[in-house]
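Shared between the two complexes below is chain A, which pairs with chain B and chain C, respectively.
Let's turn to the complex of A and B:
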């Protein structure tokens, strides 16, 4: 298996390494391309956890029956479109690690600047999200919003969940893929 | 390149005789080795170098995009990201165009300085065709020397060059290559 690799000259080895790099960089560039097109830093997110609202996890059972663990969400965030009441947004509170996916229930527009103040709440929760915001913060703004949920695919995100729960799996998969590309000179 | 006299001990090249991609690569590699060391052609690395430089350059753009966004955050980095992503795909497209239109199926391109003329003679071996599931490998030899040129197509089964154990029988392959070169240069004046 490795004899063929040893027989390659420098240029051919460089070509094999390039093939691996191309696999990785093309995935990255396609991801960035989608991010640019949707103006959303993370246009595809996976619902990771279901816990209760107080743990600030990314998606609690707070959005059931709409979203469940393992769902894949597609986001867009066009700069020109204002957020509307009823939109489901993925937003990140400053100084908190985990983004939250909840619905916008109240909206205030500042007349002069057009700046939007949003209040959110999970569909399945009893209270709005003011308990989740920072101390004394009563509203969030558009800059906290990563994107608006435009579509979703159920169960597809299970792969990401597996990778998260078993991080070694990520490296094993990457290693196997890299080895495969390196050895086969097609 | 190692010395190529048949009297020195060469490492035997053993491959999986059922894998047609490996068969093709082994023949191509040995072809290049034979032509550069025994027949003294100088190989032109242009195709490979173009592919490598375009490829690695596009990877640099990808790395720049990732690093800049990591440092500056998505919103601020957007213009840079856009340029890098666009350049990445443009470079790859150019590389594909080059491979498809210019390199096509070239296996070997080399030049040799012939003593009588001052110009180098060019030998191009291309169209290394291998039909799917077939063991017949076709190579087009194209020889140009100033205004003279000659062509010869070598078509042979891999079975003529590899023995039952999957070892390349270099003498058989080299003899075929040599006769192919001689026949493609036959129009050249002595």
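Let's turn to the complex of A and C:
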């Protein structure tokens, strides 16, 4: 492998570096393109457990058996379409790090302003989410909704969870990929 | 010419593209064919209004005069048509819908159930009580007319979520005014 690297001249190395940058920027462009098309800042999400982020909290499987840890969800959030009852929403409570994936069980649309008052609940939870909202907060609004779940793909997100659990794996994979691109010649 | 590393890389990338093509085709087929529709029926047996500070969800609504609807209803639903080779879960809900002067669209889920297999997709329940608090945004009921209907949301093994509602099942009822007592 390294012999091959040595055989490359400066021009070829520069070309390969540019190639890597092209791959990275097109990935970013595709991501941002999907974000624009779906009007969701994060159109593809992986189902996590709270334990993945804070080891002291445990809130697992609130949407099981529909969604498990590691499943991939495709979100859309069209501005013209109001949230419906029964929609599974990914929402973010102000001043909280982690977005939550739960279903809307109550909805009140204000006639004058069109403002939506939503209450969510995990299918597998016994109680609604008012305990998860900020103190005395009874409703969430559309601006808290990051996206509504439209598509589902199982297990695929496990890759990112593995990389989250074992950060070394991330660097190994990035390193191997980078080396491949660098030494791979057309 | 081809070393082991190149062969592995080619095999891996072909396997990944083949897998995602199959997943895409599965999603597309289910998107086009859909999940059909289910026969559902709801029937309202009884509706009362009580005053309390805490709802059936034990949430503190702040005042003792908050008004909760106490609904009793029957459900008959055959959701077996929604189950095909790409159905992972059917989430069935009974929704109360009504309009008030201040809020033009109010949808409140009163009952729900997770169904994961065809064998338990036939529902026949009598005198079911509302599972979630039936309380208006204003926390008052003033002879409010509402409709009750069955909705469902299908989660596939792979693909797009699809929802529907039993249109023929809609039944109308009126929340009475609170008249004291519990």
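One rule holds for everything that comes next: the second predicted complex is superposed on the first by the 164 of 186 C-alpha atoms of A that agree within 3 Å, B and C clash if a C-alpha of one lies under 4 Å from a C-alpha of the other, contacts with A are read in each partner's own complex, and residues count from 1 in each chain.
The definition used in the following text is that a contact is a pair of C-beta atoms (placed from the backbone, for glycine too) under 8 Å apart; a residue touches a chain by one contact, two chains touch by 3 or more.
From a predicted model like this one, the values you see are computed outputs, not experimental measurements.
**Q** Once the structures are superposed on A, label A:41 by its partner contacts, choosing first (chain B), second (chain C), both or neither.
**A** First partner only.
**Q** Using the touch definition from the top, say if A:133 reaches chain B (first), chain C (second), both or neither.
**A** neither
**Q** Between chain B (first) and chain C (second), which does A:29 come into contact with in this model arrangement: first, second, both, or neither?
**A** First partner only.
**Q** Between chain C and chain B, which one touches more residues of chain A when both complexes sit on the common chain A?
**A** Looking at chain B versus chain C, the one contacting more residues of chain A is C.
**Q** For A:91, using the defined touch cut-off, is the partner it touches chain B, chain C, both, or neither? Pick first, second, both or neither.
**A** It touches nothing on chain B or chain C.
**Q** Taking the superposition on A as described, I'd like to know which of chain B and chain C A:14 touches: first, second, both or neither.
**A** first
**Q** Mind listing the chain A positions that touch chain C in their complex?
**A** By the definition above, chain A touches chain C via 65-67, 82, 84-86, 88, 103, 105-112, 117, 123-124, 127-128, 130, 149-154, 180.
**Q** Which chain C residues qualify as touching chain A in the complex?
**A** Counting only chain C, the residues touching chain A are 9, 23, 27, 57-59, 88-89, 91, 93, 95, 101-109, 112, 114, 116, 132, 137, 151, 153, 155-161, 163.
**Q** Can you list the chain A residues touching chain B in their complex?
**A** Touch residues, chain A against chain B: 3-4, 7, 11-12, 14-15, 18, 21-22, 25-26, 28-29, 32-33, 35-36, 41, 184-186.
**Q** Applying the document's contact rule, which stretches of chain B touch chain A when the two form their complex?
**A** So the residues of chain B touching chain A come out as 13-15, 21-22, 25, 29, 45, 48-49, 51-52, 55-56, 58-59, 62-63, 65-66, 69, 74-75, 78, 81-82, 84-85, 88-89, 92.
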